[in-house]
Amino acid sequence: MGITLQELADRVGARLVGDPKKLLSGVGTLTHATTTQITFLSNPRYRKHLEGTGAGAVILTESDLSYCPVDALVSSDPYLTYARVAAFFVPDTRDNDGIHSSAVIGAGANVDPTATVGPHAVIGANVTVGAGAIIGPGCVVQRDVVIGAQTRLVANVMVYYGCRIGCRVLIHAGAVIGSDGFGFANDKGIWIKIAQLGRVIIGDDVEIGANTTIDRGAVEDTVIEDGVILDNLIQVAHNVRIGAHTAMAGCVGVAGSAVIGKHCAIGGGAGILGHLEIADGVTVTAMSLVTKSIRERGVYSSGTPLQPSDSWHKSAVRFKQLDEMARRLKQIEKELADLKKKG
Amino acid sequence: MGITLQELADRVGARLVGDPKKLLSGVGTLTHATTTQITFLSNPRYRKHLEGTGAGAVILTESDLSYCPVDALVSSDPYLTYARVAAFFVPDTRDNDGIHSSAVIGAGANVDPTATVGPHAVIGANVTVGAGAIIGPGCVVQRDVVIGAQTRLVANVMVYYGCRIGCRVLIHAGAVIGSDGFGFANDKGIWIKIAQLGRVIIGDDVEIGANTTIDRGAVEDTVIEDGVILDNLIQVAHNVRIGAHTAMAGCVGVAGSAVIGKHCAIGGGAGILGHLEIADGVTVTAMSLVTKSIRERGVYSSGTPLQPSDSWHKSAVRFKQLDEMARRLKQIEKELADLKKKG
Amino acid sequence: MGITLQELADRVGARLVGDPKKLLSGVGTLTHATTTQITFLSNPRYRKHLEGTGAGAVILTESDLSYCPVDALVSSDPYLTYARVAAFFVPDTRDNDGIHSSAVIGAGANVDPTATVGPHAVIGANVTVGAGAIIGPGCVVQRDVVIGAQTRLVANVMVYYGCRIGCRVLIHAGAVIGSDGFGFANDKGIWIKIAQLGRVIIGDDVEIGANTTIDRGAVEDTVIEDGVILDNLIQVAHNVRIGAHTAMAGCVGVAGSAVIGKHCAIGGGAGILGHLEIADGVTVTAMSLVTKSIRERGVYSSGTPLQPSDSWHKSAVRFKQLDEMARRLKQIEKELADLKKKG
């Protein structure tokens, strides 16, 4: 129920200053951590809290070390080192080893002996589950899916037939992978469904948030490249491609066939229309709507600032008159020029 | 594991030009399809890809036929014919026939012998499940629900008590039908719940996307009419009515008691406030907010265009000054008129 | 299958005018209720419908009583009395008493004998389930969670390890409590996960909508105070605090470490950026984006009004020119002043 400071230092490659046998059982903040918790100092603004910390140990840089009243792990990047340290304190939440007796496994499914399948999970025919993978309680994986090694579907995750999920992927509760894209032909006002026969292909080291949905391609595949991180309640439509190491905050919606570059950052609630391209390294701020392709890296926004509703209402009314205002402005400039000429 | 071109032609009513015995096992795009795949050409822009196609067959119009180097199905509406063809290639993803041994069926429930109830599904008391319906793994259907013939709840779908779902409805994973509307009385700052005693009534031939939520009515019902198509992560509040054959893209939110017409198209992430009406045939563009009733068919928008954040910020600051700018403009016009009079 | 008017009057503390033995089995609207249904009149606008009502009884104020053609319950706040009356008509939708045979209960879990655990629910090790609590079908509760008395998780709800949920909380289907916050360090372009080791702490008398997600804290906890009501498809990020009796409509997104006051009302689809504070009693209108702390109670908005797309497009183009327009306006004012001086 704990780990020694020495063991932590060794595992994350940090220099230990203090008691190697100190037992740590969790993490805390600089201001609230107790003697069995480890914390970190990465932002210089918080150095003032170092002096009074009650933590068992602090991860910090060489230059902050002399101010530290307790044991320390010294690192050139304390936040990164904290990331590696914190991973040791995640409890094992699996309900069983191997395949739970209540799980249903389809014909021809190949579950690695080191994988875990939780209670009431349903694994379809010919599914492959890799080494060390965890299919949590209530997850439903339809036929012909491939799930890579060390990948975890936390609980009540649904993966539709034929999708492929890479290694070390973490998919949170309620996420849906491979649901039908929103594709319909219109026959005199009546929507005729287009069967969605592509797949979702997810790379390695991807994280997908709770209740996020990723639709399968119509003919070809929807693709989430390696290292992408998606927050909760995101909608990714059919045939979208999200480039490697791109991050999307909660509630983003991406319409069909959009192609998003690598290392992009899409703010919460932003929308991206279909059939457009976004270059590598683009940032879109929260709740902005991307209506055209973005060819240059940079930061992009839309929307208007928050105001007290009374004054907002006045601005909003004027927004509708903007074109007329612009024309009147031009007319005034003309008349003024005439007057000056005369004068 | 395949279907002949003749059989496809017969089933969808298209004219076959080529080898009637050719075996097809899937679909592809004009540029990537292989010899066992069928594709289609409906947009004239893509005719240039016809010459080089490696597809086993192409669905196209009479006028494109002479350019086709491979077998063909000729149709006056190739996209519609493709819709019908593609439906043959959807694999059977059911885990069992009939009622799975792990499913829990309540007293008085009436499951048609031709229906399928998947592993770990829970069917409440007095539920009716129609002919050929499929209740997928992990679905929960509370008491007194009626589910029509050929309707499918894919997996982990939840339907609350008393709701009625029509025939040939497809409800994707994680969707929630009939959860309580957001109705509360306020008693000196404390919210007092109003029991939501209406139902959700869903017509025939409706499709509902993954993780979409539709709340039950407060007293009367929330109604989704025939042929409506809803994408993923949509929220439909209590007492809403959505007219027949209306389409909503992902992440739309519809507030309580809104009444939306038939054949409308609501763009992704759009919002519709409560207690208003939208006429038939209205289109609302992505991420627009409808704050008043719309009486005339047409296309409606709100929002501002995407800009690099630096220049957006300047516009945003000025947006707050709009009313003052309009007043100054008026003052200038007055002074200019005075000057001209004097002049 | 019914309750007498006398019993209802006694239970909610209203004065009965009419037949105490009248049997009521449900609710209806003033215009559509039938003789076995009870309805209410709280908005004076609807008094005109009182005369023609076919309801079995009407809840109304003393001053409306003389207009009532049927039995009545008299109350100083008819809507509040209706709230209490309606609660009697919610059917029992539990599939079983006690712990269903298909539920999986972890080692050391402590389920109160008066609690219900539904089919296929999974309760982790050392979980506590309070008196009268209902864990519905398909719910997954990871280890070390505490669930208070009379709390209900409707179905397919997921609660991650260590979270604490108060008493009389109602969590709708598909909601996810305690999923990992979206916390990553960036190591030369690669996202490195920060284990999220805080919890979600939910107070008493909270309601959480279908498919809503609430992330666990990174180090400390995400907190939802007493009496908060959250609609469907809301995303609450890590370390957020939502003050008591605050209401949020559907599709709201709250970014990490935002602190929201008590008695706030956040409109549907609104966004709240991270690390900011919102005072008590603040209202934010639908689809507004809060980008800075709000220190004063009041009503706040952002966005632009809906227009026909043609005219909207003209306004949108001018929005990009706003700063230039403002500069030209200033220049004109200067020139005009010069002209007048000369004149």
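Each chain carries a letter (A, B and C) given by its place in the written order, and its residues are counted from 1.
Just so it is clear, a contact is a pair of C-beta atoms (placed from the backbone, for glycine too) under 8 Å apart; a residue touches a chain by one contact, two chains touch by 3 or more.
Remember, it's a predicted structure, so these values are computed and weren't measured experimentally.
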Chain A onto chain C, rotation angle from CA fit, given as a multiple of 5 degrees: 120
Fraction-based call for chain B against chain A, same above half, different below: different
Inter-centroid spacing, chain B versus chain A (mean Cα positions, whole Å): 25
Chain A residues counted as touching two or more neighbouring chains: 102, 120, 138, 156, 174, 211, 233, 251, 269, 287, 303-305, 307, 317, 319, 322, 325, 329, 332, 336, 339, 343
Sites on chain B touched by chain A in the complex: 26-29, 32, 39, 77, 79-80, 82-84, 86-87, 89-91, 93, 95, 100, 102, 118-120, 136-138, 154-156, 170, 172-174, 207, 209-211, 227, 229, 231-233, 245, 247, 249-251, 263, 268-269, 286-287, 303-310, 312-313, 316-317, 319-320, 322-323, 325-326, 329, 332-333, 336, 339-340, 343
Touching residues (chain side chain B, partner chain C) in the complex: 102, 104, 106, 120, 122, 124, 138, 140, 142-144, 156, 158, 160-162, 174, 176, 179-180, 182, 184-185, 187, 189-195, 197, 211, 213, 215, 219-220, 233, 235, 237, 251, 253, 255, 269, 271, 273, 284-285, 287-292, 294, 298-305, 307, 311, 314-315, 317-319, 321-322, 325, 328-329, 332, 335-336, 339, 342-343
